[in-house]
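Before anything else, here's the structure in question.
Just so it is clear, A, B, C and D label the chains in written order, and each chain counts residues from 1 on its own.
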Amino acid sequence: MSFLSLLVFSPLLGIILLAFVRRTDTKTIQWLGTAATVPPLLLALFAFIRSGSGFRLEQLDESYDWVRLANLPFFTDAAYVIRYELGIDGLSLLFIVLTAVLGTLAAVASLLIKVEKKGYFMWLLALEIGMLGVFAAANFIWFFLFLEVTLVAMFLLVGKWGGFERERAAYGYLLYNGLGSALLLVVIAVLVARTGTANFALLHETLHNPVAEGQLIAPLTAEARYWLLGGLLLAFAVKLPAVPLHRWLVRVHVEAPPPVVMLHAGVLLKIATYGMIRFGIGLFPDEFRAFAGAIAVLGVINILYGALLALRQRELKHVLAYSSVSHMGVVLVGLGALNEAGIQGAVFQSVAHGLIAALSFLLVGVLANRIGTTDIHRLGGLAKAMPIFSGYLLTAALALLGLPGLAGFVGELTAFLGLFETKPALAAAGALGLIFAAVYSLRAILDITFGHTRERYESTLGLRGAKESAASVSEPRVIDLQAKEAVPAFVLVALIVAVGVYPQLLAEPLATVLETMMNGLGG
Amino acid sequence: MTLSAYLALALILFCIGLYGALTKRNTVIVLICIELMLNAVNINFVAFAKYGAHPGVHGHVFALFAIAIAAAEAAVGLAALIAFYRNRKTVQVDEANSLKH
Amino acid sequence: MSGTDIAFFLLALAAIAGGVTMLQLTNVVHMVIALVMTFLGIAGLYVLLSAEFVAVVQVLIYSGAITIIMLFAIMLTRHHADDKERQTTGGVWHRAVAAISVLAFGLAVYFGIRRLDFGADGSALAADNAREIGKWLYSYYTIPFEIVSVILLVALIGAIVLAKKDGKGAEDK
Amino acid sequence: MMNLAWVVPLFPLCSFALLLLFGRKWKKASAYVGIVATLLSLLAALGVLAGRLGGTTYEANWTWMQIGDVTLTAGFSVTALNAWMLVVVAFVSWLVHIYSQGYMAGDERFSTFYAYLGLFTFAMLGLVLSPNLLQAYIFWELVGLGSFLLIGFYFYKEEAKAAAKKAFIMTRIGDVGFFIGMLLLFWQTKSFDYDDIFRAVGDGTLSPGMTTLTAILIFIGAIGKSGQFPLHTWLPDAMEGPTPVSALIHAATMVAAGVYLVAALFPLYEASEAAMMTVAVIGGVTAIFAATIGLVQTDIKRVLAYSTISQLGYMMLALGSGSYVAAIFHLTTHAFFKALLFLAAGSVIHAVHTQNIEEMGGLWRRLPWTAPLFLVGALSISGVPLFAGFFSKDEILAAAWLNGSVELFWLAVAAALLTSFYMFRLFFLVFTGEARHDGDAHEAPMSMVGPMVVLGVLSVASGYIQTPWFGSFLGEWLTDGAYHHEAAPGWIAVVATIVSLVGILLAWLMYGKRTVPRDWLSARAPHGYELLRRHYYVDDFYRWTVVALVSFISRLLAYVDRYLVEGIVRLVTGTVSAAASAGSRGQNGQAQTYGAVTVAGLAILVVIFALTGGYWL
């Protein structure tokens, strides 16, 4: 049974069907594009629920020969074959579920996209295939292939459907991530060339087993391992992004269409977490230990740097972009702690931030659509005209600042819990970020929803009201959140609350993965 | 006489040819230098035929093939040189630069 | 030091001297003559390596045929061996890069071959190796041999086509 | 009944959820949902209290999250303190729910108000029930959320927006201290549970230094929440919220959470002398500090706010002096009389539509219910004998004296003097003299008066649960019978009485009979007066130091981001495009150049190969 292939490639059907739809028929496109994201969602949820009831995820592994380079008697057979391998564990399952959920919600939120909808949806689905594949791949080469699919899809989505400076943002994205990928490719190439396998499990085995060391095609010295891990971490630090490699993120957050940012902030950044855990800690646990201190420091810098910059931004999207930087710092903090709590915290924070960022950008999309601006200084008193929207926005802000009972808190708590065991002083410095988080999120959101209605904004309202129906509506009105938009927002809020109230939901699938990892780390 | 002496000689000749091929301006000389490099390789063939791990005449056969090919190369190269000269009225290598960015 | 050694040194000296002289001369015809010296030296070395047949072929083809067509080519094109004209291409940098690269390459390879010795004394080579070569060439190496002949034919036709005047071909059509 | 204690916070949560979903349809009926929910909570809380009376401490836990082999639990526990607090909170909340029906009548977002009240009550009850620090922290922040939402209830007012933001951020600062302390404590004791922590304190697992450090860090959280100096500035601003909210959150319950937290962690504090001293000093300083500011405020709610800060300082002082019972006692009586004062103030504001006491006066006749009730509250807080405040304040003074900190004792006495002075200044200015406002002032509807009457009764009666005369019921209850009342010197009660009466007398002379001119103080010490009027410039101090510093760093980083980090981007793009143009210049059509480059590359590879034997790294 090729469950995982089905899960990963099911959006392909949507792409094929979309090819036969007329490009002007936006209704069908929207419908079809959204429907195409449902099968992976259902399959992912199915796997998630089954895994909760004791189903062993290894049973889903798939492996076929893909390319056979040669047929020689030297070394193991694996050295000459590139296999198509998919396989998941608790860690990847969490991210796959996140991807599938956000994929569907982003598709729903794409209602607001008006231009070239057909191409947009095709690339959006391609992006989803890439993201699902990244997490489902059980082999380095396929991991990289899927990663590049996301890179290309994202580049086009930003470059074509983005804001005013979309091309600059897209090229910035391509440049940074392309360089990151190139570095990753080098690491993968060296690893595969030295060990003769690209399969994660085999690699793990070969790198860890001193007996198997002799079976390496070529020696992998301790020094080489440090370099490989360094390369890996740098590649993923670009994708995370870690300060000072974050500028592309800011641009992409601002320029990309909001539904795409939902996926980008929600899932693509998390590939870095996933990669650091799976490859960094999974393959090079001993070497990772040497980097842990630096990673934790970088994490704290990320937290404070992002938060302090978010304080000053005029543009809501900028605030959210820097808050992403800050929140990804928490992931680094968790990884830098290098204990169970820390790693679990990093994963939690990734999932939580995925949900929260998706919610924020969903709302940003609505705001941009209704008012035409997301400039904090030009907005104010929105709660009067759009109470439901403001309620959701406030919820998003509270989730951003890590209010207990919502998902963000669980991630921060667990990650910091980890760091407090190993580096309490550093952790205390990082915890100051919690204050700044409150300051920047409240500043941004309250300025938009509370207070007086700003003049500029009033005129915008007046214009809109006049356009709609000058006669019947006496006072200018903005349409509040509509059901179509409220549904994804509600789903996200429900998930955020669910994770916040009962985090065991996420902890359960992680337990075995963490145990393996801690064994690798030597307890 | 050991093998390495022949190889070293071949290396020296090869390097002379290589340097000439890279720096000489006259196309004829460049071609001559390439011939020199081929000759250096031939010395290796023949030296290995005598002092190699498996002595035998195979090295000689290869040298002969190489000479044949070198002759063909010289013929075509010089023909191309003449064609070039007819078009540009020069035989200088650095003036053959129309294939640039 | 045996006689073979002395012969080797003399012949090697002749070959290298020919090469170096070629690089230093300015007149193209002189350069070709210097090259003939190298070719002859190499032919002598072939004899030392008990490859008499190859030596003869070397003299015939290189010192004979190739040198002659080189001279023809030189005469067919304009060459004022003017001292003022630059002999080398590019600037100092170009030459420096070429020289350093070639030197580095040479040294690296030299360290590779310095102690190379398979311990064979070459006695296995029969005195009548011309016959031996013939046997191999017309049995085991038939197909490469035929292919070489085709290549020579192609080269011949190609050379004619290239050297032919363009104008005529165009007019014919 | 105790095993069902978890239902107590559930009712308000249901009220919150229901009102959020259907409140817009129900409109006025929303109030009944809230009132019924809190009433059920109150009944359940009384049931729990009854259960605790007959039994012992009850605790139940469930897995909340597993991290490796560490299990974090969530649950609830019923201890003497919890059960007592549950009743107090549920009761005050219920009264405020009823009162708001009249006070908030006609507001556009009537149902939202009740929803928020429900959320707050849920969080407060949850906080009280928490059996471990983590859960306490979660609810601790949630009560902050409730407070934030209610302060910002009039969201269209810029002041309300600023006040809400300030309240959240100032308490967040404290919360981070709590957070750090909590996590530090976790790795020392491997548990968040109060019991495990106390055990670790008891058997010395926790080093003395760590005990002091964590105790003080957690106390920072309490400082933030309870409006103690120096994180008190949000509390006066919080008066932007509707008055019932001020009564419930910023007087009776939430701000007392800091006191509750320290009380709940009392064994941890007791183990560290330095921590106890910190608590006592902060409490004492806050008590006098806030009282002096209260002297000159002209906004009725702000006077009460500063009085709240001052009274909370008293409670902290009691805790720091080692008298856990006195603190909880004062917390209880304060909850009643301060809620009464706020509700009465709300009634006054409702009647005259202003908060400025200079624009009131002569309301004694007009408000026949409110005025006497306010007087009862004022007498109680001033510590006039036979009123509740007298007994609880007396306990605190005795505790401070017995603890041996003479300075703090006299500080507290001075604060008591000031308290009675400014409370009666308020009373005389508002209710006596001639009316300084236009328009009619009507007594509030019964829904508002009713709760006030109940609180008025309690403001007197609640003092008798712990008196030197009839016995220490509260003390024995809280300590499970192990309470022994240390006899305080009799003169302390006398001093306290004299002091409160002197305060009242002074106020009467200045504001009632006016034999002493009102500008007596401001004329003699204009700078001092200005200092008090501007709240000791604490806000300005923060604005010019902390805020300025953060904003400076932020600006600096913005430049770094724009120029330095962006510079790295430029460097990367520049390098790439420079490499590209260099490569393109290399395409010069010279075959020999290409050859040279190729040979150079070959040479490099061959040299590397020769040097490393083929394996780089």
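We take it that a contact is a pair of C-beta atoms (placed from the backbone, for glycine too) under 8 Å apart; a residue touches a chain by one contact, two chains touch by 3 or more.
Being a predicted model, the structure only gives us computed values, none of them experimental.
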When the contacting C-beta pairs are counted for A-D and for C-D, which pair yields the higher total?
A-D
Taking each chain's centre as the mean of its C-alpha atoms, which one lies nearest the mean of all protein C-alpha atoms here?
A
Could you pull out the chain whose C-alpha mean position is farthest off from that of subunit B?
D
How far is the middle of subunit A from the middle of subunit B, if each middle is the mean of its Cα atoms, in Å?
59
Taking each chain's centre as the mean of its CA atoms, subunit A sits from subunit D at a distance in Å of 37
Rounded to a whole Å, what is the gap between the Cα centroids of subunit C and subunit D?
96
At what distance in angstrom does the C-alpha mean of subunit C lie from that of subunit A?
64
Can you pull out the residues of subunit C that are in contact with at least two other chains?
89-90, 94, 98, 102, 105, 109
Multi-chain contacts in subunit D: which residues touch at least two other chains?
590, 592, 596, 599
Provide the full list of chain pairs in touch.
A-D, B-C, B-D, C-D
If you look only at subunit A, which of its residues touch subunit D in the complex?
172, 175-176, 179, 190, 218-219, 221, 223-224, 227, 243-248, 305, 308-309, 311-312, 339-341, 344, 381, 383-384, 398, 401, 403-405, 409-410, 413-414, 416-417, 420-421, 424, 427-428, 431-432, 434-436, 438-439, 442-443, 446, 449-453, 502-504, 507-508, 511, 514-515, 518
Per the touch rule above, subunit B residues touching subunit D in the complex are 18, 21-23, 30, 93-94, 96-101
Mind listing the subunit D positions that touch subunit C in their complex?
590, 592-593, 596-597, 599-600, 602-604, 606-607, 609-610
Residue set of subunit D touching subunit B in the complex reads 584-585, 587-592, 595-596, 599
Applying the document's contact rule, which stretches of subunit D touch subunit A when the two form their complex?
63-68, 70, 134, 137-139, 141-142, 145, 152, 155-158, 160-161, 164-165, 168-169, 172-173, 175-176, 179-180, 183-184, 186-187, 550-551, 553-555, 557-558, 561, 564-566, 568-569, 572-573, 576, 615, 617
